[in-house]
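If you scroll down you'll find the structure; I have some questions about it.
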């Protein structure tokens, strides 16, 4: 299959944690999806039995899909719901619920951090390491699961790894990154307004460690049913800024052999990967858009490009300390969360991994 | 003289560009100053002859000093006004006006960027390189001036250099810095609200170059009436965030020989310099306050400490790429502009350089 | 003609002031318009001869239409360009340019304030007073113009008048309104960030007068080629808040005979007008959406509904001082500016007023 | 006693709910107070036994008083602590704890809403209705308490009532008010950042009712141990805006006989009351400052005037619907909460009501 077409067939999918912020993004992005049909919404006991309209408080700026509002929310009971379930659960809930669903035969396409670093769980950005997905065979064998768990990275890691993916060919040595992250990444109620109005919070708990380790796994080599982490050393400083959507990252890269800004620009411009070849419904036409404007990318002007699925890169220039520095921006709850998971499911469908 | 005391004597000073944002900060900070008395306010022709109250629109959150409001604003005419004049002029105006004042015998304590990198002009942070001030002897000789120009660095450079100053003893090799800068640094009207509300602007024109070159001059060695730039390599990425006052900087440092976070912390904690020894009126008791809180420094909570003259440093920790990383915060229009200039004047008075 | 269809025919239109903020909204909203084709872009001399991409700095969050970017910007020369021109000029420019275009035979669909209160110029919101449009016959006769000028109200007036329109049937007596207006209403560079970050500016020059007088004209009765202003007394307090798009208005209404919140709600819910009957391309399916949520409407959640063309009303409840109070919200640069003008043009086309 | 002097004597006071936002303001404002010495800090069981430094997370922009940091936090046990206790408890806790303290002999100076509308509890702004304080005699008698509860109004009510107080002489008939309230009024964590960044929330639960009823009680007449509510009708619309400190209120007033803006201005300018006569330590020199600037008051520029204890009023002008309209601004956590309570205690001490 090489086109955006399943022959008219639609696949029913469910959403775990459907009332939360990531869950709402799943519901929004799946509305009108050409392949997937949201057939099942699940959340905590508190929401069970209520309509979706009653159970959640919608917090996205586009209105909720009319079809979803009338659906009855169920509890997160393994075995209920369709084979493919997207998980917008937080880590505490995901720790127990996701394995139970995988054991019961579900393909859990998860955004939670719980199993990202598990050696048998693929941590995937389809443009960068779709080749890690066969890891689920080992996962099933070792765990004795009929289903599986597939994860996408942390939002800030996705922005960085999307940029590093096409540069891996040059030999990545060391990377410094300082992030300026949006509040929507912290969920709801998330960051108190008193902490962030006119302010910067210069740390995000656990975020730097995730960026440093997840990046190595994503860029790693898949061989003999294992991921050999990439040797790149990443140093991250993560901050929160008063922005609603869009993580901005100030990145500096050292290659094994010095590369120029022009080399980097050419590699980013040329970058196409499996989602583009397969013309997956959620894939942007190009994964990365480079801009020549001196003051871009900016969250307000660039974060919604291509439905929030593209990474915008600007200010590619020499770095006096490492080799090349640049600014990257991505939509943290679309490309960095729900959209990332949906793209994972799409590539698995397109590659017949779910048959 | 070793105390905060001029024996009751007060020195009259003037302010060039008194109606602008930096000028207003000069007027505010000089109000009630134990040594200096604001005796002369000068601005562009448009303001000439009007009272200060009429000529400017006050934009600071503390009210304007009552004494200043009734003063008549004069034009920027060299030879008028007291010997010491603080300059809050922008670079275009400063290019011509500051040399004319220096030629006419004034000591111009300037915040403008115009002459910072001039080899005969001291670029001074009193805690870091007060020993560069004797450069004005050469300046006078070469220019034939009776007065002189003394400058303070760019606001973002001051925050960085204050941190690097006490670490110079360890041998500074390479520094990476990403700034998150407040809008007040751009003056008034400055940054349009449409550009910055809920947004990040990932560049500030000329700022990265200033941070990279000014830092080398400030940390440089003074010998035989010249400044030998420090060999440290600085790579800066500068961004604007929706914060009113306070530049936050994400810094990573490599030393000639590896140093630990504990070494850095000890050096910053122990740091005292001439302004503290001399107990200068505007000097903070300690130049740098280190915090152990995981989520500090923050502009909203830390920028007004010690009247805005202290640099707050937090999150000192190992950097996997360079050696040590940390977050630094300083008040950009106080420690980074008007307060910096006033401290320059104070150290010159205390060291009898203006007699 | 009763459907959204011109029989496949497309009408060429131009944009005066195409490089400004309102001009950019015209270009964005006209992109893909079923009836109108942007065939001509005009701006000040500074932009003349440059491509649109070079001449303007795009400031909207959706990307500029590809077709427009390559168009050559012309000067605002009467007689050049298509018959219908949309004007995003500011008042100073509009004062002279719009009459010149009208004299030269153009139908100027203007967003400028210059001629709104001219007794021969229609000031129109198609849902409220499309019946004022025939005023252009008198305008042409008195001015000797072959073309005409048609205006839409000020952005804050549109939100208010859209709510008052369907309540006119009850006999409007007195109205109090306090606005909380977005910064995009002030254009670019517009409001300096230092004035609005974490702040409220409790006045907008000229805005209160416009709301008080324009509302009376819009709600007025058209008879014998004149508009008899409505007798409602409006008292407005206008403020600016740190919001990018969306004017929120706190409104309280007194009727000639007391009416209940339920009466108001029923009238707003039932409201349909000519643009809905004619199914005009830019008209929302319903002009006003009422919400029952206790904390709505909100700019972030509601301003983009129906492409920004709908007014959202919430919290309809008794007012102890007047009769009924409520909160209204509208998109100030879409429904309140460029979208308003386009809807004016559409109704004129549909009603064969431009044949 | 007519001066700011207790003859050197200091009165020990305690703070209930010392770790919360209002509690922190009490601790900050009492630091260095000439009459009161913070001798006892109490909070919930979770904090009991810990030092104040450990028990709370400081959220104010000025640093916490050094003396307080080492104090041991106790539980809210009636009978413990000094006679005067300031209560920064939330309403749920205050419901039970405040009466228990009053029963045990404490004078509870409360900022909680729990007992504000109790007919035996004074609801006091010292500048407006200090004459209601003798109500505590009846309160003690009816409740059988040795102590008492004295309350200050809700933050938004204080701003309004301070303006209405000096206008009561003209005969107040009807008042319309729309508020633009700061997030600090909601405590911590309070308003989620996703709800307020670049947004307006057009309602605050219970706030409108409080403004409408509390104002009548405050402005009421005290006679025969009861407060006869003032007959003024207040209609409030309350909104939340992205401001940290400072409630802005758009007010329109109708008098029994029409009064001009000049009348209102003269009455506000002339306003002095008991706190000013008694020169109470926390009282501003004048309770209300009127400004002639067209765009003031503004939170950023005016909220910190006189330590946050003054109300700033601007734009006094005719109202076409009622009589006079104006903009008022006050600091919601100082004049509107902790500072209000401290002033209540001061006036009681100065009037020898606590002997």
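Letters are used for the chains, namely A, B, C and D, taken in the order the chains are written, and counting of residues starts over at 1 for each.
Heads up, the rule we're going with is that a contact is a pair of C-beta atoms (placed from the backbone, for glycine too) under 8 Å apart; a residue touches a chain by one contact, two chains touch by 3 or more.
Everything quoted here is computed from the prediction, not taken from an experiment.
Student: From the C-alpha centres, identify the chain that is farthest from chain C.
Tutor: If we average the C-alpha coordinates per chain, B ends up farthest from chain C.
Student: When the contacting C-beta pairs are counted for B-D and for C-D, which pair yields the higher total?
Tutor: Between C-D and B-D, contacts are more numerous in C-D.
Student: Suppose each chain is reduced to the average of its Cα coordinates; what separation in Å results between chain A and chain D?
Tutor: One centre to the other, that is 48 Å.
Student: Round to the nearest whole Å and give the separation of the Cα centres of chain C and chain D.
Tutor: Whole-Å distance between the two chain centres: 43.
Student: Let me have the rounded angstrom distance from the C-alpha centre of chain B over to the C-alpha centre of chain D, please.
Tutor: Distance between chain centres: 40 Å.
Student: Where in chain C do residues touch two or more other chains at once?
Tutor: If we look for residues of chain C contacting two or more partner chains, we find 59, 195, 197-198, 242-244, 300-301.
Student: Under the touch definition given earlier, write down the residues of chain B that touch chain A in their complex.
Tutor: Those in contact with chain A are residues 174-176, 178, 180, 195, 197-203, 205, 212, 233-235, 237, 239, 241-244, 246, 248, 250, 252, 254, 294-301, 314-315, 319-322, 325, 327, 329.
Student: Which of the residues in chain A end up touching chain C in this complex?
Tutor: Of all residues in chain A, those touching chain C are 58-63, 197-198, 244, 300-301, 303-305.
Student: Under the stated contact criterion, what part of chain A meets chain D in this complex?
Tutor: 59, 183-184, 188-198, 242-244
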